[in-house]
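Each of the two complexes below includes chain A, the first together with chain B, the second together with chain C.
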Partner chain A sequence: MVKKKILVSCGTAVATSTVVLRKIEEILAEKGMNPTLVQCKAAEVPSKLDGVDLIVTTTPVGDVGDIPVIQTLSFLTGIGIDADMEKIISYIKD
Partner chain B sequence: MEIGALQSVVDFFLGLGASVLLPIILFILALVFGAKPGKALRSSLMFGVGFIGLNLVIGLLMNQIGPVSQGMVERFGLKLDIIDVGWPACASIAFGSKISTIIIPTAILLNLLLLFTRVTKTINIDIWNFWHFAFVGGLVQWATGNIWYGLISALIFSAAMLFMADWTGPAIQQTMGLPGISIPHGFTAAPVPFAIVINKIIDLIPGLRDIKGDPDTIKKRFGLMGEPLIMGFVIGLILAAVAYMGDGPWTGWLTKMLTVSVSLGAVMVLMPRMVSLLMEGLIPLSDAAREFLQKHAKGREIYIGLDSAILVGHPTAISTGLLMVPITLILAIILPGNRVIPFGDLAVLPFLVAIVIPIVKANLFRSVVISTVFMIPSIYIMNYLAEGTTAAALAADFAIPEGANLVTSICDGGNWIPALFLKVADNFWIGNIIIAAVVAALFILLKKKPAAMNKLAGYDAAKVD
Partner chain C sequence: MEIEDILKTECILGNIEAPSKEKALELMAERLTSLGYVKESFKEAILDREANYPSGLPMEDIKIAIPHTDADHVNQSVICFARLKENVEFSVMGAPDEKIQVRLISMFALKEKKLIGDLLETLITTYQDNDVLKSLLDADSDEDIYKILHDSVGKNLKA
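Up next, the complex of A and B:
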């Protein structure tokens, strides 16, 4: 099985995407899943699409072709994390 | 305990240095807010790791760019000896100041107080960006020698940003489609007054007022420059060419040029990674603080205050950021008396227009004009604040060689708000009372004339949300 890859982006690849990435990682690990998680700036997303199965972002990303994008603030505000996690899992399970 | 023994305990803690002392304080703070000990230990150590890592990267930057700046002085008389080390460095300088650990709990309490007295609607859960407040506190403490003065200025700044968040919130929510969100961010607030005035002026000029500019074309054509690695490499190449090209045998200067450009590319890639470790270290504390604030805010209309990092993916922001890179470099060279080499913060120039987008209706031409006009005083402010910023960096144990270059950052070192607090530090009470009174008056104005104020910030009442 090929390991799934999730790209996590925000404005700087420092602040909000770190929070999002760690939360996703933690929740998925509890469920026994460990996809590759890569963090980047929104402006870099188009150059980092190789092998990416899903993009989770806190700010708009440009043209990414067919790759699904979840733009959400739930991991920052604490409201709606469960619904977003369901969506994420539905994209990365085989 | 004997006085002597107590004194040695105090000396021991003061002698620990920021990379050890801060994790200890963060560990205790996280436990107080209710985090699990294992998680708190890991995170607070990670904060120390980020601090050490960042110090290494700043060392790399200073070692490469120091000789470049010297070369520019010797060959062309370009005295550019203040280095823009970027906001990540400023953030850790601010977190490394003695004031940072006091500002986090006190600013949270002030936020709650202002929420309950119905002064503000925003709960600022973006603990990470409290470093902007700590930065002001650190500067004022440096100027006055009094930590409490620093704390007071920092708290006034935090309240002012709650006002900015309340004011610009509706326009941001409408334009960006982010219900219930507002942005209490210490840097992105700074260009807003410039934007409102310049936008009005452009409205009055026939011809100019019809220019739009297409963000997507810019993004496609210069997209590669948006990558920090390429940006650092190219800027390194340009700066090193000015300093070294044609000096002695070609093997010598070409080696130097390429070494500088690859190293500066490395700095641009490594710096955000190191800071994201600092951020990781703050997660348990910021989670706990968020829960605390949200629990107490139940049943009111609130805006959740977040980082402007969630706005800068907008095409107008990214394109403006790209165009501002060469513009900023040119300004730095032509503005008389400037000593700053823009570098680290060139990667985050989209932040200039994050809150400005609703005001200009996402017009690229206007956002570039506004950013350019904003950048001119900003460069002079960096020159003015560099000494204080460097002193704060040294106080936070950063490895800046004695007597070498000064450091700054466009985002906070070039921000008129910290400059204002430093300017009034000599007449501390009068200055800070006036600033606090202005902030209070603005809160009242927003309450009395919400429609007019929201329109100024770019809210379109005719559009249904």
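Up next, the complex of A and C:
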């Protein structure tokens, strides 16, 4: 079984995407899921799509073809985390 | 990292007057520059970042902005916190057309790139508590703001 891969992006790949990635990782780990999570700049997303199942981003990303994108601030504001996690899980479950 | 290492009373601007977010960010950056925490280039970098990647966070009740920029512009890591007399308009992170009214700005300048995620996570966790934001708005002085941040951020800060 190939491990699912989530690309997590923000403006600089340093700040907000780190927070988002850690929260997603933590919540998925509690549910026994451990997909590969990769962090990058929003501008780099179109060049990093190889094997990616889902993109979660705090800022808009360019052309990503058919790959689903969840643009959200929920992991930063605390509003709507559960709904976003449901979406994330729906994209990465087998 | 201890909270005292990065939180300084001299970097708390509890009562600033600014007609725009740009002016507010300039005042904050100028404070950090004059105290030597950041390089001259920091101000332009923070304004530029805000224009391209807005930092307004639409929290449920009281809104806050969390501007920051690259470690290259920083001499010594520090948190800079401002409370404005009047609201200014910030764009929402990831949605430049969406505007929010902000009186609280939590800026940081970090020299160690790997600490940025840690500190931002700590700050975000702290600011998700609306009671903390309310107490920051209601605080009487810079010292009070310092104390609230010291206790609330300090509690969440990982060693």
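Definition applied: the second predicted complex is superposed on the first by the 94 of 94 C-alpha atoms of A that agree within 3 Å, B and C clash if a C-alpha of one lies under 4 Å from a C-alpha of the other, contacts with A are read in each partner's own complex, and residues count from 1 in each chain.
Convention: a contact is a pair of C-beta atoms (placed from the backbone, for glycine too) under 8 Å apart; a residue touches a chain by one contact, two chains touch by 3 or more.
From a predicted model like this one, the values you see are computed outputs, not experimental measurements.
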item: Contacts of A:P46 with chain B and chain C, given as first, second, both or neither; value: first
item: Which of chain B and chain C A:T59 touches, first, second, both or neither; value: both
item: Touched partner set for A:T77, first chain B, second chain C, both or neither; value: both
item: Contacts of A:L37 with chain B and chain C, given as first, second, both or neither; value: neither
item: Partner chain(s) touched by A:V8 [first = chain B, second = chain C, both, neither]; value: neither
item: Which superposed partner A:V19 touches (first chain B, second chain C, both, neither); value: both
item: Per-residue contact with chain A, leading partner among chain C and chain B; value: B
item: Chain B/chain C common contact set on chain A; value: 10-12, 14-16, 18-19, 22, 57-60, 73, 76-78
item: Parts of chain B lying in touch with chain A, wherever the complex brings them together; value: 88, 125-126, 128-129, 178, 181, 219, 223-224, 226-228, 272, 275-276, 279-280, 283, 286-287, 290-291, 294, 304, 306-315, 318, 321, 348, 350-351, 354
item: Chain C residues touching chain A - in the complex, by the definition given at the top; value: 49, 52-53, 57-60, 68, 70, 92-94, 113, 116-117, 120-121, 124, 128
item: Partner chain B, residues of chain A touching it in the complex; value: 9-19, 22, 39, 41-44, 46-47, 57-62, 73, 76-78
item: Residues on chain A engaged by chain C in the complex (per definition of touch); value: 10-12, 14-16, 18-19, 22, 57-60, 71, 73, 76-79
